[in-house]
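Structures for review follow.
Shared between the two complexes below is chain A, which has chain B as its partner in the first and chain C in the second.
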Partner chain A sequence: MFIRSTGVISAQHSFGNVPFLENPVEYNTNRLTCIEPDYKDIIDPKMIRRMSRIIRMGVAAAIGCLREGNTDVPDAIVTGTAYGCLQDTDVFLSKMVEQNEELLTPTAFIQSTHNTIGAQIGLMLKSNRYNNAFVHRGFSFESAMLDGMLLLMENAAGNVLVGAIDELTDHSFAILERFGLYKKNPVTNTALYSTNTRGSIAGEGSAFFLLAKEHTAGDYAKLDGMHTFYKPASIVESEEQVKLFLESHSIDINDIDLIITGRNGDTTHDAVYNQLNRGIFNGITTAGYKHLCGEYPTAVSFALWLAANCIKQNVIPSSLHSTSNTGKDIKRVLVYNHYQDIHHSLLLLSAC
Partner chain B sequence: MSDLKKQIIEQLNLQDIKPEDIGDDQPLFVDGLGLDSIDALELIVLLQQHYKIKLSNAEDGPKVFKSVRTIAEYITAHQNQVA
Partner chain C sequence: MSAPVFIAGIGTISAIGKNVAESMDAFRNGKAGMEAMRYLDSVHKNQLPVAEVKCSNEELAALAGLPAHISRTALLSAIAAKEALKDAAIDQLSSLKVGFISANTVGGMDKTENFFRSFLADNKKGKLKNVVHHECGSITELVADKLGVKHFISTISTACSSSANAIFFGARMIKQQMLDVAIAGGADALTKFTLNGFNTLMILDSEYCRPFDESRKGLNLGEGAAYVVLVSERIAKQLAKKPYCTLSGYCNANDAYHQTASSPDGIGSFLAMEGAMKMAGLQPSDIDYINLHGTGTQNNDIAEGTAIKRLFAPVYPKMSSTKSFTGHTLGASGSIEAVFSAMSIQQGIIYPNLRFQNQMKELPFTPQTTYIDNITVKHVLSNSFGFGGNCSSLLFSKI
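Coming up: the complex of A and B.
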């Protein structure tokens, strides 16, 4: 199966017809916020008024993806989100408290559900085809991908719109910061991996992909496979999982031209990547990506966008800070990501 | 009626619309202002929040929410009852 088109809204200039990470945005903070497009060019103003920020980001990325893929209505829409529409949930719960559980406005409640974005896309496209949403913490996007891939493999669909959406609100940032997920002080995102402290930088994003069964000219990349594993007992087990995944695709680590890892600047979380870099990944060009988009449960969707672009454009942008850039063609990319050392996933892409 | 229009704009988050853009007798739903069933629920909440008026009969909805004028007349009629 193939990645036909993408639509990504992130903390970088990634949406629309922009050069691939030519002008990376540098931040000095512990919280990255998405750069949003002018939605009036993308969404009917009558619909925008009722949409909270994450819904706008999700719908716009999806529409951008479909436009790029010259597809009016996909055969299926599958979304993944860990947190859902937090801003609407904030509004709804706050009003419950403020108004003693009386006179609650319906819009925030209706739109606070995790499947809102998939549903809004379906409504906008007037599509009553397959529409599903997955909420599995750090596996939310991978679950959506798996569903989309299965639909294609079983010939239940010829193309599937798969997307991931997660937002940060002031409340969620404050709560997750208290859990120790983020750095205590602002950091320069480009120096994230040398901070040598606990915590990462918070992020958010919306990324959609049109997956297609048949190859057409202009596709980004071939999606060879995906694998997830949960709470590996040790780094050795993670290494074994990587080896088994590559073996299942009849390739060796030396066949990989670029490995994109989910390093996030947290000394504990990065231990697995550091050890693999010294071991099985040694000698292969590796790059991080969370300094560009921040850490969030569906951040791996941003990595998939990066991998697809690296292959399509045959380039590793300097902003990825890769370990080396040998100048050889980027024909095969492995993405290895984990969220909170709980949800681990591998994605393998190759040139079409 | 100007205050009511402001409240409607705020409650329904009608972006780029000013009170003077809404005619007193302009239909609010479908072809007029383009409101829908979710907006009707928001308007019911607005009546309760701002005027302590409960729409007792749901079937009255289309008649009451036909235009700003009909809402204003309903408020006037029922505020007297509340008082």
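Coming up: the complex of A and C.
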């Protein structure tokens, strides 16, 4: 199966016809916010007004992806989100608490359901086809991808629009900060991996992909496989999972031209990547990505976009700060990500 | 035709019983689960009847083997999942590829809404233990960890069709040999968030709901959980007990009409039912019973009824909405009704649609109003339709 097109809204200039990370945006903060496009070109202005921010970001990235893939209506729409429509949930919940369950209006409640974005895309495209939504924390995007891949394997679909959306709100940031997820002080995002402290930088994003069963000229990359594992007991187990995944695809680690890892600048979370870099990944070019998009449960969708672009454009952008950049062809990319050391995933892509 | 997937175990908890046996007693005795609100602390207590599980969180925690301070949704989920797994009685489970695929609509919202009161006053306040399991996926993980399932876990949330989608996602993974066993279903506890949300939409009946009745005025919210244990043919053959039935068909379609309202012609429901029958290679005349989505709202029942008319006319199978017993359990409803469908086939039961009096003027059929048993039920269609136009139908067949 192939990645035909992408649509990505992130803290970087990633949406629409822009050069691939040639002008990275530098931040000095512990909270990255998406750079939103001008929605007027993508969504009917009457509809934009009724949509909350995450719905706009989700629908716009989806439409952008379909346009790039010259596809009016995909055979299926599958979304993944860990937190869902937080702003709408927050509005309804806050009013309910403040007004003691009286005089409430339905709009925010209606848009708070976790399938809202997939439903809105289906509604805009007037598509009666398959529509599903996964909400499993750091596996939300991987679950949506798996559903999409299954549909292609079953011949139930020729193409599937798969996406991940998560937003940060002031409230969610305040709560997650109290859980210790983020750095106490602002950091320069380009120096994220050398802070040597706990916590990461908060992020958010919307990333959609059109997966297709058949190859078409202009495809980004071939999606060779994906594997997830939950709460590994040790780094040794994680390393074992990586080895088994490569074996199952008959790939030697030396066949990989670039490994994109999910390091997030938290000393504890990065330990597994550090050990693998000294072990199985030793000698292979590696790069992090969360300095560009921040840490969030579906951040791996941004890594998939990066990997697909590195292959399609045969380049490792300097903004990735890869461990080496020999200029050799980028034919095969491995993504290894984990969220909170609970949700681990591997994605393997190759040139078409 | 791909290899069939079997239902080897079932478990459920809802307002009509803490397990499958109690639920079946309630059907036999025509005893609905709605009452005045007892456990949820809402200002609407005396206006809106609800179908609560008749246990405090402490009582549920004892049954679940989990702490009482965690979300009621996780407690309900664990109780039903444990029953299903015990019922399936699969030997050497740890040597198999086991997945837990659960569904819910608001995660740990029952705790978050308490947290929010203090948090809104001061963002540094509110006990974090009340918000740590806010995410839908977190509820699934609490239960997966309790069950010891690690190989594959996921969570689906497509409003009221959530657990129907979870069940057939599990079946698809078995068919692709990614899993040997899938514990699939869903859970939702009543929360003030959902109660008030549905109340603003003015689709809650202040009396007991009357699905498919001309006088229907809305739904009653319920709570509960249910899981089926799906197994491959290879595992089914090794079991001591004969499986309940097969999951012979399923289909997910979208109404693409409105975020919360169903289309007048029920196109999503029509496509979901038609797709499930097509997958199973069955004709409308093969269906013995339809477990309706049947919420009791004006809009759902006319859309679903119109789709059934288009698909089945002029001969209609028996049909009923078991939501007239359990209330609408949202993310859990698809799997609760899947459990009832499996029992319908295994025991030859048709459930009554309670409180039905007046035929809907738009429809040429009426639901089943009495309890029937000792008949042969070969094929049961179960409908689950939700916000966002998400429509899913499951088809269960006798072995």
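Definition applied: the second predicted complex is superposed on the first by the 352 of 352 C-alpha atoms of A that agree within 3 Å, B and C clash if a C-alpha of one lies under 4 Å from a C-alpha of the other, contacts with A are read in each partner's own complex, and residues count from 1 in each chain.
What we mean here is this: contacts are C-beta pairs under 8 Å (C-beta built on N, C-alpha and C of every residue); 3 or more make two chains touch, one makes a residue touch a chain.
Because the structure is a prediction, the values reported are computed rather than measured.
K.L.:
Tell me the contact category for A:104 with respect to chain B and chain C: first, second, both or neither.
P.N.:
both
K.L.:
For the overlaid complexes, name the partner, chain B or chain C, with more touching residues on chain A.
P.N.:
When the residues of chain A touched by each partner are counted, C comes out ahead.
K.L.:
State whether A:75 touches chain B only (first), chain C only (second), both chains, or neither.
P.N.:
After superposition on chain A, A:75 lies in contact with neither partner.
K.L.:
Let me test your reading of the model: by the given contact rule, A:45 touches which partner, first (chain B), second (chain C), both or neither?
P.N.:
First partner only, chain B.
K.L.:
Could you look at A:295 and tell me whether it touches chain B, chain C, both or neither (first, second, both, neither)?
P.N.:
A:295 sits against neither chain B nor chain C.
K.L.:
Across the two complexes, find the residues of chain A that touch chain B and also touch chain C.
P.N.:
In chain A, positions 104-106, 110 sit in both the chain B and chain C interfaces.
K.L.:
So in the complex, the part of chain B that touches chain A is made up of which residues?
P.N.:
These residues of chain B touch chain A: 11-16, 34, 38, 41-42, 45, 48-49.
K.L.:
Residues of chain C touching chain A in their complex?
P.N.:
Touch list, chain C to chain A: 42-44, 105, 107, 112-113, 116-117, 119-120, 123-124, 128, 131-132, 135-138, 140-141, 144, 150, 152-159, 165, 169, 172-173, 175-176, 192-193, 196-197, 199-201, 252-260, 267-268, 271, 386-390.
K.L.:
Any idea which chain A residues touch chain B in the complex?
P.N.:
Per the stated touch rule, the residues are 45-46, 48-50, 103-107, 110.
K.L.:
For a test of understanding, state which residues of chain A touch chain C in their complex under the given definition.
P.N.:
It comes out as residues 77, 82-84, 89, 92-94, 96-98, 100-102, 104-106, 109-116, 118-120, 122-123, 125-137, 139-140, 143, 146-147, 150, 153-154, 171, 174-175, 178-179, 228, 230-231, 342.
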